[in-house]
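Take a look at this one; I'll ask things after.
To keep things simple, chains are lettered A, B and C as they appear, and every chain counts its residues starting from 1.
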Amino acid sequence: MSHYALTIHQAQEKLRAREVSAVELSQAVLNRIQDTDQHLHSYLTVCAEEALAQAETADRTLANGVTPPPLCGIPIALKDVILAQGVRSTAGSKILEHFVSPYDATVTQHLKEAGAVIIGKVNCDEFAMGSSNENSAFAPCRNPWDTDRVPGGSSGGSAACVAADQTCAALGTDTGGSIRLPAAFCGIVGLKPTYGRVSRFGVVAYASSLDQVGPCTKDVRDCALLLEVIAGYDPRDSTSVNRPTPSYTAHLERGVSGLRIGIPQEYFIEGMQPEVETAVRDAIAHLSTLGAEIVPISLPHTEYAIASYYIIAMAEASSNLARYDGVRYGYRAAEVEDLGALYQTTRAQGFGSEVKRRIALGTYVLSAGYYDAYYVKAQKVRTLIRQDFLSAFEACDIIATPVAPTTAFRLGEKLADPLTMYLSDIFTIAVNLAGLPGLSVPCGFDQHGLPIGLQLIGRPFDEEALLQAGYAYEQDHDWRARKPPL
Amino acid sequence: MRITPDEVRQIATLARLSFTEEELTELTQHFDTILTYVDKLGELQTDSVEPTAHAVAVSAPLRDDVVTNTPNAAQTDALLANAPSRKTHFFRVPKIIE
Amino acid sequence: MPYESVIGLEVHAQLLTESKIFCGCSTRFGAAPNQHTCPVCLGLPGVLPVLNKKVVDFALRAALATHCTIAPTSRWARKNYFYPDLPKGYQISMYELPIAEHGHVEVAALRPDSGQAQGQAKKVCLTRIHMEEDAGKSIHDAEAGASLVDLNRTGVPLLEIVSEPDIRSAAEAGHYLRSLRTLLQYIEVCDGNMEEGSLRCDANVSIRPQGNAELGTRTEIKNLNSFRAVEKAIEHEIQRQSEVVEAGGRVVQETRLWDADREVTRPMRSKEFAHDYRYFPDPDLLPLVVDQAWVEHVQADLPELPAARRARFIHDYGLPVYDAEVLTARKDVADYFEASVRACPAVPKVVSNWVMDSVLRFVKEEKLDAALKIETWPCSPEHLGMLIGLIQDGTISTTIAKTIYEEMRQTGHPPEEIIEAKGLRQVSDTDTLQAAITEVLTANPDKVEAYRGGREKLLGFFVGQVMRATQGKANPQMVNTLLRQQLSQ
């Protein structure tokens, strides 16, 4: 097995046994990027020099003989909305094309403290707005299983680079499904933690009440491992929650015996790709054979989730993106004569069309006369959606659904109609509105050889149950053995 | 149509964006589609429902009143390094007219 | 037609915290441009705010001191607008649920700076008090065609205190603002310096026909950076609106700037964009919960308020009502008085006279009202107390004391030192005085004759001569007694 294909936990073992050095591992990953990225465009910035320097430091630590930190020498890629000091961070936007962050995100700090090697910054939809990665201002990232297809978005680069073995693991962000959808489309494991579990400090904001950073990994154990490193209260993020982080790896093998798994009728809809439904139902049946109890449940307000989500997300985005004005950093339109032109031309030229569309819509729903009808209404529906889940969790411990109604679609297929694109997130969005954890685990392939994802949704702060169930399922199905044809 | 191109233009100005006529026509169409779609929220009776602004129900944490950033020239330089236009340690913008 | 003016003030008070409201940068005034900034207050991508607890403590103090109802849960909102000195493109403020509402300020019947009567005492009601972050500063005249932006002030905590439209004249607006400033100084949350911008004021002004209950269209006046500007601008704006209406026109709702040089208000040119602040709850900040225990804690720590101090001055020091009002109208003056009394506890009324006559006069003459530096006043309150003590024990005369005070004010030296250095100690030695008296009487035989012949008023003349001969140091009472003795011999 080539070094670049290693999972985190495999690499940990080999590094600690000195079977491979951190420099060798990073170099293998860098070579893999070099060899494959012209087909994928996963990476926006490769930090070759810094990565090798960090790997050398890791090798010295590993040679010391003392127990190394958990990610010592392990290459990790960051979605380009996650800031790393001294590294260009574009958020997939022209407006930040040359922005070099003067500070580290809290999750970046956690990774560095855990000894990780930051291998590079990966592609995403501009400001994480999109479901296909086609909204990247630089180049659309492509699906490793079929490069005519999208990797899903917005963390398309994070999922694609993990699936294509261009890193051991990556971090993504998930606002309405932006980790889980690409994870499903690319056949990897992706987790959106409970809102407040992971710090958002240093993560370029899209919709602040929904955004959450999470792991994109090759298997569930890696997911648990990476979550352990990045989770925890951050005094710099007022919305991060002050409660202890459990050891997710310690109890990973607990199994699903006695676990009640809720199946919401609203998540198996007409028009779903039949292979997706079959694969997901098979996965649920398998969990049942492992001792889980299957419980039919209802989440009655599901069909209102997308409308509620887009109003809230666009409103928050319109305000979050006001800071990109060409004054303190970022792109500034050339030869503007007055302040009005500075703002309007800079923003018209610096932002892509989807971002502008969301800013405009968000501005509209917050404007005088529409605030109550749209924004407040959407927040009230958010309450109903959250209540749906909380009552469902009286009857079950976790919920199982498909991640998306279809497998990866073709580039350009949904670009013309924004609403059709928004509907890709139909099964993932409610989880963000309710602030719950959601895990995407590979559960098969369709006839074109495209991966299918199973979504597991948990109670607030119960990532453990999701990881345990995902791990139990994964032990019996090594979908991971199949590799994308690159 | 739910909204006219002129209204969209006004919104664009409020958001400090600008669009070509062609873009504006397309955007107005998108506004219409999306606003029609989100109208489905009107089907729900929500008079007695409290709005949710935050997914977590805890109160704001507080910090002590302590200065933790001691100014130094190197740090200021790093913070200003991304500025498109500067004069010494000021940001420079086209003349502001009050 | 006689018009009534209707005025409400929005006051922004910079809070005296060490660090900014949402980050750990210093709030200190006067640093090099952008020195007191960090990723958070520069609005870099990815940053998040964390609330400074002291800001809430101070807001609660102000709320308690103005008799407001305190909200158990208040909420942060974003006020969205674009301006180069507003890094995030929104200001974090409070909108739907402010921390405090429905209070009032008692406007004192005396002007805090001069102690002069200013009409009837009255209550001005407060609509609300809320916390928010300050914006940065733009410099417009440093370069042709460009403005320069300094964000040191960005994120300095502010209290916005909004009054009801209860004010009826420009003068009353000034009185309200002075009383509010006094209150904020008493509770030690704001230094109240209008010139440096730590206290700022916008005025909402409208007029209506006398007796009408309905409000007229109002204008908002900005750029009022002194008490004089507040009064002048409101006066001018009332006049302007009356002229518009008299001429058959209508007042336009708009924001106007006060031009202090030309003494006119003019419409702001930059407001071509209709204002729509699109307030919504800030998703980065959770609701602020203030429980009863917190309120009680702040209440227990609340410094004494002007009214209580006034009552205490009357009761404890036996001061007349007038003295108590003048002295307590400014916290620093009241503090000065009490420190002086501690150095000379026997005669508070005499101390009061000294503080009112001398200290306040100089405070006014030297414009300390603006700079507010009574703590750095060269003549310390302890020295003033000592000086009065020296009069009381007969060491110096009141006349000499005035001279010594002048010296103390200029040099900051203690009175004893000045007395010793200048030999100003009062002469109470009988032999010395007798000798001086004999000399005066010998030099004026005709006046001695006249006195003895019944012109007793000449006693004053002799006293004056003796005082002059002793450079004013003679004990006047003893001179009197000894003179009478010698003249009757």
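We adopt the following convention: contacts are C-beta pairs under 8 Å (C-beta built on N, C-alpha and C of every residue); 3 or more make two chains touch, one makes a residue touch a chain.
In this text the structure is predicted, and so the values were computed from the model without any measurement.
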Interface with more contacting C-beta pairs, comparing A-C to A-B: A-B
Taking each chain's C-alpha mean as its centre, the one farthest from chain B: C
Averaged-CA centre spacing for the pair chain C and chain B, given as whole angstrom: 40
Approximate Å spacing (C-alpha centroids) for the pair chain A, chain C: 56
Inter-centroid spacing, chain B versus chain A (mean Cα positions, whole Å): 23
Touching two or more other chains - residues of chain C: 39, 42, 44, 50-51, 82, 84, 149, 151, 276, 278, 283, 285-286
Touching two or more other chains - residue numbers and ranges from chain A: 99, 102, 209, 235, 238-239, 318, 322, 325, 327-329, 339, 343, 363, 367
Sequence positions of chain B contacting 2 or more other chains: 13-14, 16, 53-54, 56, 58, 60-61, 63, 79-80, 91, 93-97
Partner chain C, residues of chain A touching it in the complex: 81, 83, 89, 91, 96, 99, 101-103, 105, 200-205, 207-209, 235-239, 315-316, 318-319, 321-323, 325, 327-329, 339, 343, 363, 366-368, 371, 375
Residues of chain C that touch chain A when the two form their complex: 39, 42-51, 78, 80, 82, 84, 87-90, 149, 151, 276, 278-280, 283-286
Chain C-touching residues of chain B, taken from the complex the two chains share: 10, 13-14, 16, 53-54, 56, 58-69, 71, 75-76, 79-80, 87-98
Chain C to chain B touching residues, read off their complex: 17-19, 23-26, 31-39, 42, 44, 50-56, 73, 75-76, 82-84, 138-140, 142-143, 145-151, 257, 268-270, 273-274, 276, 278, 281, 283, 285-289
Chain A residues touching chain B - in the complex, by the definition given at the top: 98-100, 102, 195-196, 209-210, 235, 238-239, 241-242, 301, 303-304, 306-308, 310-311, 318, 322, 325-332, 336-339, 341-345, 347-348, 351, 353, 356-357, 359-364, 367, 374, 376-384, 386, 417-419, 422, 432-435, 460
